[in-house]
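Mind looking over this structure? Questions follow.
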């Protein structure tokens, strides 16, 4: 038990539970399984995006362009669907992965080959990608009526009791878990964040690994582009505007260190769910929506403070050793 | 050992000619870019070369550029503040609140600037006292500050600011020279002196290069970083006064997205996002370039979002060019 | 004579402004230890990095077992059987010991997934074979610096290599661990591996090396068999002039107490430390690596806060809350980690030197460059700094010269007490003598010096009195009169009581 | 040649694209008129001011604006008027001192009453309804909601308005708010969204949660964007004025001012084929009554706008 409490994931899970219990006290239907599953489903896209962002942050980088990538890829597939409704949805989904990965790879190449700091690169592509949404669409929206029923309906199909959207999140989470713990690439992501110099000495190609991290994040953002558009049934320039910071917030709450090298898949999932629960709970317990922003801001600050406290106990502790001996 | 001086082995101050390095500097690249854009603009639109047009142009960037001045120092010291736009919102809201209690112009200005300063102090305290990374702290306070505005204002807006207050955002000092522009130029000079000609500025660079070594060299790192956050908050407060005066009203959603624009100015101005390098002249030039690009394209009725492609592209290209040039020279 | 396993010919490597290696050659023979000797900045580590695929040589060829190889990455180096323990510990704090050993060449199952179980088992086996006593499952950050070095050794051994390179492997190890390393090296020799051993310590070179190669300023200036060559010959090759290894005679008048510490304690790092240092005195601090001496000194310097105890400077109680406070009071500290804590590598020499003295060179807060250059010139010339100009970037200086910049920076503040933490760590023999001579001069001028050092000859040769620390506590303070080195070692290692009993 | 700028809240909005159609139609009808269709990409006042500044620099003859903020644009528009540019607002208004006249798409009270009536018509026994609005600062939405609240007690006694929430014309926020309403008010019978983004979001939520037939979504919607929800039954009927007519009338009015007509309380100006506009004492006037779309006519109108 004591060992368990050392993990911040446990604390985060408890915090989420606490929020759920408190909301339930005021509004009993909140904790019904069906409502909780709805919240999970609502948070699916954020979870996936945060996992992609985590891969990047682990390498001491940051991707500010994910939301713009999502908007651009979403617009591309929505326009294709509107123009050629007969194109099968799986093909469109594959396309969204490819387009997203391509945009991510563009970030990655600039970071890898030109050594431009990631925050600068993605600050640039943040505006470029979103501008391109306008350019390709001429500013016009693609609305529900123009999308094919399959395009909209796929993620809403219930499979084994859960909507397909939730399954996307679950499968992504499992894949990321395997990637992060069991593959050389995943371990390299961590290694680069913990000690970039040492990574070079162990034969890791730091630049290329960062490139792959950006590509992975891009692919996730692209897929989420399709999911987002078909979920909110509108593709416009404004889609997911400002969402890049929410994604980073989910990572931070989930215990990913902005300095790289630290972070787990379960932590990030919980971080996203925490934000999802808060967002769902506020309207339900009749807290004015105007409080929402301040509350999530405070939650982020609280999370960083707790994170820092957790990491602070790093000292060398010469004396204790002396006492124990 | 004392006799080494006698051997007369004098270390020169510097080897390369300062003039030569000035010509090859980032700033001269920016001047070139600015001139080219200016010329292109004057050919592209018949309305560009007009005193009033050029004066209106400055309103597009002065407020953001005021923040960028302080942000430049902060980024040089290795920190960042993403909450500046939220500070504008909160400062403006508090000014509106003061207005409801009958405050007159001087008090309003003090409230705006004071609120900015206080928000900056909160950021500074969180970063320096609790040793937290500034990027996440300010993502948090960004929601918090704007969130407080929303709590205070809800769906309302404050309006009815006095005429004398409006002058700060709409007034002209003489002919087409606006108060905002004059204030910006004065602040630019002040920040230039502060960064490049004082002990404080020297220490800011040292901290940005290596804050551990700076601390070990007796630099009060935390105090300086705290001051820099306060300065950034203060300038956001000043920008809040100007913007509120220019709009004549306050909504919680005011100045949304400005943080990234201010940071773009700083980075385009040649300040290293990793800290330790940069200049105020570069930032002023970058602000001017962004103003020229957006206004020039605006005259052609190009939608703002397309302008942002140019800005984003400019950011990457201007930073990539010297790197590509160096790589090309090394290969040759 | 057997053929060499590894042959280098005509290797050159330049960095902007420095020719680190100029057409050097080197041969390594199976079952033999070759010592690579040279002053700081001679290019030893650069050679190691070109051999391990981290740097690409500008010219020259590398042959392994007679065949020309190219080493574009660290992987390709281990693939041809070259492994190295680098000078800096290049490990991962947040990862487990097992993963630190196997990162980059972890065993995988048939799906390409990392096989954690095999990895842990193999790591345990390697560590046990070294008698390291390290649990492969704990995170690296929980280990002390010496154990970390052992992990680095285990990592090098986990690669089945023909050539093992060790770049100053003993710099951070205590005597006991050094002995264990020697045993390990013997085993590797018996295995027929070729070993390249880099060290500044002649005693260990004479103890374990069979051959030597000497570098000077990036060039190979000599090589031969250790048993045929005397130490002074090697030193002569190394510095290009004879160096006498005698510590300077001092003529300082020891005066009244300047700094007095009473009962300094810290919750986790040290407890009840009391000492005093007098005008014109050198107070030595001896202990094994990790004894907590640096922590005490950093507390005196205001970098960390003590939980109890008092500090008196010239009879007045001071409580430095930051380094700035300490500098103002007249206490300065030359840190151990030069690159990280000592110099600001991105900035030129004169800015480094003037940084703590800006109050003096400036006028009401505004910079005066001329004054800064004058100040920097005065002090760097006193220390005989080797640089091309005062605007040269500190990062382009060699380690010894960087150290001089740090000392110049502090002398410019005209301090009362100067604390030197491992002032000659990793510094070559020539610069070392200069630093020692300079310390003697400082005390002659009436300064008080505290010198933290892990090198016995240095401590005994330079100090007036010696404080010995062990595991965060003060063991004893001894006058340096005909002190036997063994006495100090026993005190530091904690075997005094046993002897008495 | 007369140059009239049609400034909209944000580009890319189908409603405003339709208004532009009408504006171009007016320009063609007038002959020597060029319409500059412009606006920011994000619906903020600051961005709109930059657009206005560039129009001032281009010395256009008139600006017809649908404002993102009634007050914040006033100084910029006053500057435009000082430089001799005619300024009118349409759709979403500007405070009187910032424009010469305002064209309301319809009469505020009429709209307020219509949005409630759309819900009440399908609730013979009355019940709980809630409003999902755009931004909390949106002038026109707030005016309609006030009018609706005023009409409730007398004309729709059995309708119970339980909440007003704001989706900021953002599809995600609107979706969340709609879900919040459904979760908090189990007896909710109708969601009224007097904004085209909100109404689509609410209808999608109702469709997703299988509440078709239980919760009726209504409000103001563009037929082309909303057709499917009339088709699937998530909504019985929605209303809107014709944006084409609105854009057409705005350009006609602006042109009238350029040609020397005076705006002021009581003045009457021409709106071409839409007839005449008589200004009230705040110098604003209404174009026409809102038009209701239901299953009988949605097919036809969805092809137009």
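Note that the chains are named A, B, C and D in the order they appear, and that numbering of residues resets to 1 at the start of each chain.
Methods note: a residue touches a chain if its C-beta (ideal position, glycine included) is under 8 Å from a C-beta of that chain, and two chains touch if they have at least 3 such contacts.
For clarity, every value in this text was computed on a predicted model and none was experimentally measured.
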Check every other chain and keep only those touching both subunit A and subunit D; list them.
-> B
Please indicate which chain is farthest from subunit B, where distance is taken between mean Cα coordinates of the chains.
-> C
Could you see whether B-D or A-B has the larger number of C-beta contact pairs?
-> A-B
Whole-Å distance, subunit B centre to subunit D centre, using C-alpha means?
-> 37
Find the geometric centre of each of subunit A and subunit B from their Cα atoms only, then give the gap between the two centres in Å, rounded to an integer.
-> 30
Intercentroid distance (Cα basis), subunit C paired with subunit A, Å = 43
Two or more other chains are touched by the subunit D residues 11, 41-42, 136, 166
At which residue positions does subunit C touch at least two other chains?
-> none
Specify, in ascending order, the residues of subunit A that touch 2 or more different other chains.
-> 134, 139, 237, 290
Every touching pair of chains is listed here as A-B, A-C, A-D, B-C, B-D
Can you list the subunit B residues touching subunit C in their complex?
-> 1-2, 4-5, 9-15, 193, 197-203, 205-206, 209-210, 212-220, 222, 276-277
Subunit A to subunit C touching residues, read off their complex | 178, 181-184, 187, 190-191, 194-195, 197-198, 200-205, 261-262, 314-322, 325
Contacts from subunit D onto subunit A in the complex sit at residues 10-14, 17, 41-42, 136, 165-166, 170-172, 175-177, 179-181, 183-184, 186, 197, 200-201, 204, 208, 224-229, 302
Which residues of subunit A touch subunit D in their complex?
-> 27, 29-30, 35, 38, 42, 134, 137, 139-141, 143-145, 156, 232-234, 236-241, 279-280, 282-284, 286, 289-290
What part of subunit D is in contact with subunit B in the complex they form?
-> 11, 36, 38-42, 44-47, 49-51, 53-54, 56-59, 69, 71-75, 79, 83, 135-137, 142, 166
